[in-house]
Amino acid sequence: MPPNPDEIARFLDELCAYVHDLNQWGQVADYIPELASIDPAQFGIAVALPDGRILRSGQADVGFSIQSISKVFSLACVLGRIGEQVWNRVGREPSGDRFDSILLLEQEKGRPRNPFINAGALVVTDELLTGRTPAQALSEVMNFIRATAEDDDIHIDKAVALSEAETGHRNTALAHYLRSFGNLHNAPELTLGTYFHQCAIEMTCMQLARAGRFLAHLPGAPKMLSPAKVRRINALMMTCGHYDGSGNFAFRVGMPAKSGVGGGLLVIAPGKASIGIWSPGLDAWGNSQIGTLAAERLAEFTGWSVFG
Amino acid sequence: MPPNPDEIARFLDELCAYVHDLNQWGQVADYIPELASIDPAQFGIAVALPDGRILRSGQADVGFSIQSISKVFSLACVLGRIGEQVWNRVGREPSGDRFDSILLLEQEKGRPRNPFINAGALVVTDELLTGRTPAQALSEVMNFIRATAEDDDIHIDKAVALSEAETGHRNTALAHYLRSFGNLHNAPELTLGTYFHQCAIEMTCMQLARAGRFLAHLPGAPKMLSPAKVRRINALMMTCGHYDGSGNFAFRVGMPAKSGVGGGLLVIAPGKASIGIWSPGLDAWGNSQIGTLAAERLAEFTGWSVFG
Amino acid sequence: MPPNPDEIARFLDELCAYVHDLNQWGQVADYIPELASIDPAQFGIAVALPDGRILRSGQADVGFSIQSISKVFSLACVLGRIGEQVWNRVGREPSGDRFDSILLLEQEKGRPRNPFINAGALVVTDELLTGRTPAQALSEVMNFIRATAEDDDIHIDKAVALSEAETGHRNTALAHYLRSFGNLHNAPELTLGTYFHQCAIEMTCMQLARAGRFLAHLPGAPKMLSPAKVRRINALMMTCGHYDGSGNFAFRVGMPAKSGVGGGLLVIAPGKASIGIWSPGLDAWGNSQIGTLAAERLAEFTGWSVFG
Amino acid sequence: MPPNPDEIARFLDELCAYVHDLNQWGQVADYIPELASIDPAQFGIAVALPDGRILRSGQADVGFSIQSISKVFSLACVLGRIGEQVWNRVGREPSGDRFDSILLLEQEKGRPRNPFINAGALVVTDELLTGRTPAQALSEVMNFIRATAEDDDIHIDKAVALSEAETGHRNTALAHYLRSFGNLHNAPELTLGTYFHQCAIEMTCMQLARAGRFLAHLPGAPKMLSPAKVRRINALMMTCGHYDGSGNFAFRVGMPAKSGVGGGLLVIAPGKASIGIWSPGLDAWGNSQIGTLAAERLAEFTGWSVFG
């Protein structure tokens, strides 16, 4: 018999205490200067349930840079707007490579493997810019997130966006490379600028858990996309959500999820919960080390793995 | 509301008629001579349900070569015997490459990406041979399958095994290559011989559906492995079950599954069904073309996608 | 007995007639708009001999964009200035890949394989910019070329430079990628701008033949570098001068040479001749199709292959 | 003015003393058991001159396993027999990869990059077997070598051949891989057996220097091939003779050469000398460490670089 909400709430507090005792926080991302100075010894979790309750523990109200988690929301916007056409420009296979790899892009003539590696996310953002200015495209993503989270107090941290724009040479390389294959329709500067701002969205675990409810098909959640499209986003999160650590995450946790180098994690238990986790120390693949562990333990306790 | 068994049964018959009308069967595998002569215009499906019923339609009693589907059962045997140690020798990440690629093996120093590409399956079979003769190792796999299918009438087609042994130069290359890295403990000939026989197991859709019940945690199914191990095999099938078409399968079907070049497909709906499908024509990735379509339609009809 | 200058002069005229009869000119480079409109049916050749004579035939006085041939001169400048230190930033192995490949750069952590693929040439130009403005660095290259050609009438075609700056997304990607590994010391825009101008130098076959005399150790040629450094540049031209067609060129022609996508070819017969060839149609590797053929025939006629 | 034979003879003795003083011998190849036990602190050199003299120093009469140097002779046999057709099965570009890499073979569909990496040499040996038994093919190579060296006392070390056959899993993988692409016409066992025996030919520096005279076009040397074919073999040695260290060797030494993991080196100074060198300790690319240094010093002293 699965645990009831009160049991889960107690478990979250134990989990919070456990990870502080464990004291193995990983390394914060050092290639974005604004993120490099964050104390890794932090942990927050929020769990949105079908009954509308949101359980929480730890620093669930501290804002963090969602970074690559934003790729889920920009993809959702594009899928909502143009639908399946987006797959003409980007694939849906795990890449087996690092998040910022340029290698496969050469072999595959400028069509990124999936929308969750950086090259693929740049294509999605580029698509979002069709017929829009960067400000309009960013508004569209922000409005989507605020609507699904039912919270208007979600903003972009401009200092982080600027910091990336100055140091993001690998993303700049990817954008120009895509452009050389004709798979970037806007000026690289425009797409990159929009992308860096989208990655710099700041959210709390609470906000993230609420924002993910539509992916978990939770009753009462704002309906953002058709169930079929939601399933497909979940499938992509399951197979591609953690770069070259996706197989390992699926193996350990068994739920679709998306990580960001800010240490955030959006985990979906279809029909059961939408979970926001944050702990800024990363593992070798660039995913939150303690966040992954917390998701694994929560899956074990609740039986929320999609694999039975 | 999900459909009841009678509705599903009717749907299977409609599906069977539909794929025959559609008449787009794909190409049979031509690199194994014994398989090359099979008529592609065939289709069978069997669905084992929690209540013990097994629904069926089309050629559900025709035997076919399960080929790579056998990798699920050999992995299950090894996980049952030595547990998590096996991950020292093989990874659990999707490869992003063809089933018989040797490329990543060089880059990753002889540790195959996952147990479902050929190189990884050879390592699993090699592990199965530890302390056993090929005959004993094959008995172990056969006994496992017969036990989980509760059917003793499952056999190896020796002509197919021999046919592969004579023409399987790429697998032979992989075995020697693994050996050169020290990640094959037995003589390549022994491991290859065992592997070719394992792949030549012949089953029907009915038998396959029954054999997969333990992966779907169906009540009444023989208990072969702990629930945690079953979840992990499902996760691997989800992320790596269809080579470089795994992401696409997850996207379209949303259920863990494993394909074989004989045209077979074992699909798992955790808690809901174990499904055996067969149609020998293949798509560009080497997966059953009509089998994949049938799985997709069944998922849409039943709502069995693990993604809600 | 090798042919005398008069015999070579007659041969050049026959060669010129032959290639016009042959009428197989290849395709002009289409990715640089300013080059795309050039008539491919053109051919010029100039041969500087040890006695100071320069033999010529065809359009030996028509200016063309030397493009990648400029990499020889920028490398010579850097070798002259900082010597062997440059090999800390760039290798000297053939790449086995296209001239604009980014693939190996990822595998080898931002150290390009050799100074004649684009990534390597960008590093050389970047080195040239150390302590200099782009204008100063370009002056240094221009002064070097004018000095070695003993001809002040050599200039940069600014329209070509601009054209590349606007469309050179792949080079821009390479520059940012190098920067992300810390192997570009100047702002990518600066290095790229300098590089595009250097590639847009316009020369005639006559000028090119004269400019290459120092590489052939011809008596009377201006001494630009030590004999040891000259030998090393020749070795690099032999193994890396034609991207992934270098082996084929060495096999067919047997002399160190460097090609450019403008259709130019600088060929060195050490001790015997410095040869400038131009024909703007390219082969599949991006080297002058008729230029390569002409070099091959000339080598056969004169016995100038370094391989005896 | 170039040094005379007596000056070269004195230089060879000084060189011999120098490398012993230097005492930096590298590591002997450890993957062939029979070679692993050899004392690395050995050095021999022999220089065949146009006047028929052969200068020598150090252990120039000690036999060693020529290993990959045999690829030059098997290629010469095949070029002599079928001519340019061989390029249908193997390329002539440097690979940029290790001698035993299987990676490029997959990307290029079973056509090895050049005849001097292992995969390419297997194809050449396979071609040699057309219409012949392994014994006949080996006789052809042995007769070629004995004829060109004018010395019948050259033999195959069967213990070394056997040792490789037992442990050469990577070569076995390459052979089967080639076969899977249809680019091995004989049974892999036959081709491999022939190849392992060919590699196990034992020669001294004296014999090697004499055997290479036809490549240097030395007067009085037996005429084995047309001058054009000889030039082409030299070109291949220059661009591909040292695997992924070929560019470096050309840069440092400036002469066509072929190395073997037994520590041998055949170096050609066209028109001037044929040089056999042996020192069994290897550098990081698998080429003789002291042999390469000796070739470099000899080139500096004599001015024999083909690059002037």
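For clarity, chains are labelled A, B, C and D in written order, and residue numbers in each chain start from 1.
One rule holds in what follows: a residue touches a chain if its C-beta (ideal position, glycine included) is under 8 Å from a C-beta of that chain, and two chains touch if they have at least 3 such contacts.
In this text the structure is predicted, and so the values were computed from the model without any measurement.
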Each chain counted as touching chain A and chain C at once: none
Centroid comparison with chain C (C-alpha atoms), farthest chain: B
Same-site or different-site touching of chain B by its copy chain D, using the half cut: same
Inter-centroid spacing, chain B versus chain A (mean Cα positions, whole Å): 32
Approximate Å spacing (C-alpha centroids) for the pair chain B, chain D: 47
Length of the line joining the C-alpha centres of chain A and chain D, rounded to whole Å: 55
Chain C, residues touching no fewer than two other chains: none
Which chain pairs touch, all of them: A-B, A-C, B-D, C-D
Residues of chain B touching chain A in the complex: 91-97, 104, 113-114, 216-217, 227-228, 230-232, 234-236, 238-240, 244-248, 250-251, 254, 256, 270-271, 305-308
For the chain A and chain C complex, residues of the former touching the latter: 101-103, 105-107, 169-170, 172-177, 179-180, 188
